[in-house]
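Have a look at the structure below before the remarks.
Read from first to last, the chains carry the letters A, B, C and D; within each, the first residue is number 1.
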Amino acid sequence: MIKAGIVGGAGYTAGELIRILCGHTEVELKYVQSASHLGEKISKVHKDLLYLELSFTDVDLQDIDILFLCMGHGESTDFVKNTKIPASVRIIDLGNDFRLQDNTEGFIYGLPELSRSSLIGSRRIANPGCFATAIELGLLPLAARNELPKELTVFGVTGATGAGQKPTEDTHFSNRNNNLSNYKVFTHQHLREINETLHKAGDQSMKQLDEKFPFDLAFVPVRGCHARGILINTVIRTSKSKTELVDIYKSYYQEHPFVVVSDEPLFMKQVVNTNYCFIHICNDGNRILITSVIDNLLKGASGQAVQNMNLMFGIAETTGLRLKANYF
Amino acid sequence: MIKAGIVGGAGYTAGELIRILCGHTEVELKYVQSASHLGEKISKVHKDLLYLELSFTDVDLQDIDILFLCMGHGESTDFVKNTKIPASVRIIDLGNDFRLQDNTEGFIYGLPELSRSSLIGSRRIANPGCFATAIELGLLPLAARNELPKELTVFGVTGATGAGQKPTEDTHFSNRNNNLSNYKVFTHQHLREINETLHKAGDQSMKQLDEKFPFDLAFVPVRGCHARGILINTVIRTSKSKTELVDIYKSYYQEHPFVVVSDEPLFMKQVVNTNYCFIHICNDGNRILITSVIDNLLKGASGQAVQNMNLMFGIAETTGLRLKANYF
Amino acid sequence: MIKAGIVGGAGYTAGELIRILCGHTEVELKYVQSASHLGEKISKVHKDLLYLELSFTDVDLQDIDILFLCMGHGESTDFVKNTKIPASVRIIDLGNDFRLQDNTEGFIYGLPELSRSSLIGSRRIANPGCFATAIELGLLPLAARNELPKELTVFGVTGATGAGQKPTEDTHFSNRNNNLSNYKVFTHQHLREINETLHKAGDQSMKQLDEKFPFDLAFVPVRGCHARGILINTVIRTSKSKTELVDIYKSYYQEHPFVVVSDEPLFMKQVVNTNYCFIHICNDGNRILITSVIDNLLKGASGQAVQNMNLMFGIAETTGLRLKANYF
Amino acid sequence: MIKAGIVGGAGYTAGELIRILCGHTEVELKYVQSASHLGEKISKVHKDLLYLELSFTDVDLQDIDILFLCMGHGESTDFVKNTKIPASVRIIDLGNDFRLQDNTEGFIYGLPELSRSSLIGSRRIANPGCFATAIELGLLPLAARNELPKELTVFGVTGATGAGQKPTEDTHFSNRNNNLSNYKVFTHQHLREINETLHKAGDQSMKQLDEKFPFDLAFVPVRGCHARGILINTVIRTSKSKTELVDIYKSYYQEHPFVVVSDEPLFMKQVVNTNYCFIHICNDGNRILITSVIDNLLKGASGQAVQNMNLMFGIAETTGLRLKANYF
């Protein structure tokens, strides 16, 4: 059994991680740390888990094989730098601290569909961002062939869980319900992560990636009036036919269990509460629309973290991740 | 023209009041006070009002005919006690400070369907609570005949706007969306107001109303996953036939423009964004269900406040209140 | 491995059943029948299942151990009467055809928390209705002691999935969203099933249950603006203290893995996408509120069907049913 | 008083039209025609209007000044061709039959912000489509200067009311709630109308507009999980600065009461239940995002129809259209 600990256990991603690990046949969840809820039962925060006897504890680095960091962005760096972590403890960070290539702590970017072979057996993985995952999976097959046009226009709609647990004006039900609004237009913090990934996919040397992004990616993130799920619509203009594109995509993803290229148009709820990414391509002449959908908390966070853990420990990639879709 | 001012202008009820008064042909809105937003344009807070040039100001008690108090519960008392309010200025308080008969500041309880004649020309009105309004309107016709059974079981579902503007765990979209939960079961703060009103309706002397409520009203408030609107379902057991009841209700409300007794079953959105209360009665033998629906921010707050203002100044009760329902 | 077939495979309950059985370690899903979709891939209808290779087929009664009937209400009777079903094939009917004691086809009412011992090893089970399940679980512990008062007032709110797959005016998003409405007030079709169950629970002879229901159960069903989940609020008046009641409930359910008596107030999403029923009791003097929440499609339908199947075949009751809550 | 009739009175746009006209001081609503509901009270269909005594009737072309056609797309042509309409009766068609320049019945395209002067006093107006209105208003100021780039990428999200009254799989609450999906990608029926309008705005001769659209407009319509409202996000790449653009837009719209260029980012509910279009521009280098929001049933249909009627009859453009926003 893989002995696992979670740091920062009171947030959304930690909650989802606990829910998955409770059903994972190869993992024993040793503890869930939370400073703000120390000593309280886990079900006090994650209230579906009434039947779980565990309480929040402190961190204990002995006697565990893997540590999941579910802390606020920026806090993982502090933790990793200031904690004496035994060499035997592997780490998966769900924050955005170590996602770029030039991180100094030896984290590998954990997108299995880009670099599964380097993730197998690895010791430190930076789990990708939610928008980044959905956008990258929609573009990887072309990027890997260096056939992605430089100009990309991307619209993404995300649910309120993407904004985290803290109640704010933007997540107030009175404001969010039946509403839509843009945010961080053209400036979302995942842009560099995405550019780097698309660049790497084409075997481009990182040396060539200076401050100037290789791709002119106009990304418009939208707050949707739903709780979980991301819909990405990317428009490119290319002379490739739809058939050609579908073949490229199906061939790229055929060995990847969590990405499915659908011949039919998609809707977001097909993947909500699962670790899947579904992709659909349609076109009109040289205008191409690539649509990808994920659950932001699963394939976009905790589900992918478990997928990465499975790879780290050399067990089947799908273990614990055959989750029943909520669907409705 | 009636010259009006609003105190506490940044909250939900003030916003609705501004929206109504902007279209009220007999009112000139002189100012909207807000300490926290002093000097800012009103549209900074109430963002639909982009075309309105007004900014938030301080209170000015000269040169106005009526003052609406839209302050937090408890703050109206401070304001009324510590402010030198000219005798010529009438007041409508939307908080819960002066709703009970024993208030010492001379406020009359402003439910037009109970006591319209005393509200006409009056100078200080305490605007009823939202749940109180919906429950009372559902029971007044029987209470007025002293034919209301003592045992009442009331279920009420309210929207997120009922919880006010401050973001909390309960109004976080991730929690509220697609969810339902109870709160303040059997202990809601409107219970005394409701009991007093039902008691008064039957011409019962207030002296008889001691601490023990006349009615055994088991009220279960529920948080719904919608933004605005209240649905009240009251179950009583009585030997009266449905026909008899419907006659009593229609007769009671025939001169009241904002209450309609519907022969058809209701849904809540029939009245959302209007000042109406719709009521429906159905039965099975001696079990009677009385259903009433209102918009918590309009008939349950700012709409009723304007209705009360109309009565104060002796103008038509419906002026400014023929609002287009949102309906969908 | 238990070899299972599903009849009526295109509806909501069949979809949920397929999702559960795909992750059930002791079941092999042999086929899913659908007349209207014969030959089509299952993912054409249940669109999350893109990765499933199965197509809809005809019924085949050889070589299966259990048949789930997910047909329209009334159709199961036709099927059972007119089909030659081998004695070796067990049946669970998810419709309402055989739920009453006087059914002539030998079906037992499948509420494990009422009569688990008779369900173990049984051959024909009528799966309870969704509202019935939630109401009965909220009242069983008192009914079993013959201490349930005769007068019960029950409010239940259900999601749009409760109305099934067929698009109607009532399930049109424009009407349902941000709305609430009553339906089948005092006359819901589950009332007899509920009355019979509460009667049986107290070891009352069925002979005594004539046309007159033993309980005066005033049930008001409400259409909520959510997709899945039922919230039941039952008000009774009794002299029992809250502590006494909680003890009775916890003791009754202690050996039942899917019912949890919560010391904290509940919300509906705690159980959505799980097979759990959570119950909470609160009071004010002699007024008691019993709240119970379930997922109408799982504990209220397909999840309970699998729980019943597990009992039929003598395997652990929770097999395949440790489902990750959707939670948000 | 303008005497008005409505044909096709049972649909969504007719309902909104009735609601507006009930509060319009210059209009007397003479009748509402509906073949399917002939003789029924209007409140049987538009259920907020319980207090309205009118019933659905047949068409009567005498004694009215204006006829609103709210029929299914295609039916207006039949009606206009096969009905003897007196010359004195003006017509506004809310369908899509006469929106293109080459219609043979003499209808003018009714976008007041494009061609108010020709609408004043006109006799036949084709009311623009909802998506068309929102997209065109977002682009008109640039199109009018012939400075709109040829390549446009447009994302639009619309509510369930956009799909009309008929219950379908796409508008089933269980499917639509908490969901997002694309439809009619690159092929929406408003594309030709939009292209023609942008072309005309720049004083381009219609002769030059052959089958090939002047603009390469990649339009991706998305079904949102809300009831009413459209959010349009258009990305263009241009060397114009943001300040320059904002000036152009503000100057273009300064005399148009229903279009407001906002300095602050927008959200859709700012305009829901009003006749406004709000526009916001933001940029990052040469990438420009133009956001426009409208209520699809008002500025996108019935509100704009009344605005057009006001222009036809030479009364103030805003009469009857100062509607209270629903806001929440």
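In this section, a contact is a pair of C-beta atoms (placed from the backbone, for glycine too) under 8 Å apart; a residue touches a chain by one contact, two chains touch by 3 or more.
What you see is a predicted model; the values in this text were computed from it and never measured.
A comparison of the A-C and C-D interfaces places the larger number of contacting C-beta pairs at A-C. Of all chains, the one whose Cα centroid sits at the greatest distance from that of chain B is A.
Averaging C-alpha coordinates per chain places the centre of chain A 40 Å away from that of chain D. For this pair, chain A with chain C, the centres built from the Cα atoms lie 35 Å apart.
Centroid to centroid, with C-alpha atoms defining each point, chain C and chain D lie 46 Å apart.
Across the assembly, chain B contributes residues 12, 159-161, 174, 177-178, 225-228, 267, 269, 272, 328 that each touch 2 or more other chains. Contact residues on chain D toward chain A in their complex (touch as defined above): 151, 153, 155, 157, 159, 174-175, 177-183, 185-187, 216, 218, 220, 222, 224-229, 231, 233, 235, 237, 265-269, 272, 282-284, 287, 289, 291, 328.
Chain D meets chain B in the complex at residues 12, 15-16, 19-20, 22-23, 44, 46-48, 50-51, 159-161, 177-178, 227-228, 257, 260, 262, 264, 267, 269-274, 276, 278, 297, 322-328.
Those residues of chain C that touch chain D in the complex are listed here as 12, 159-161, 165, 167-169, 171-174, 176-178, 225-227.
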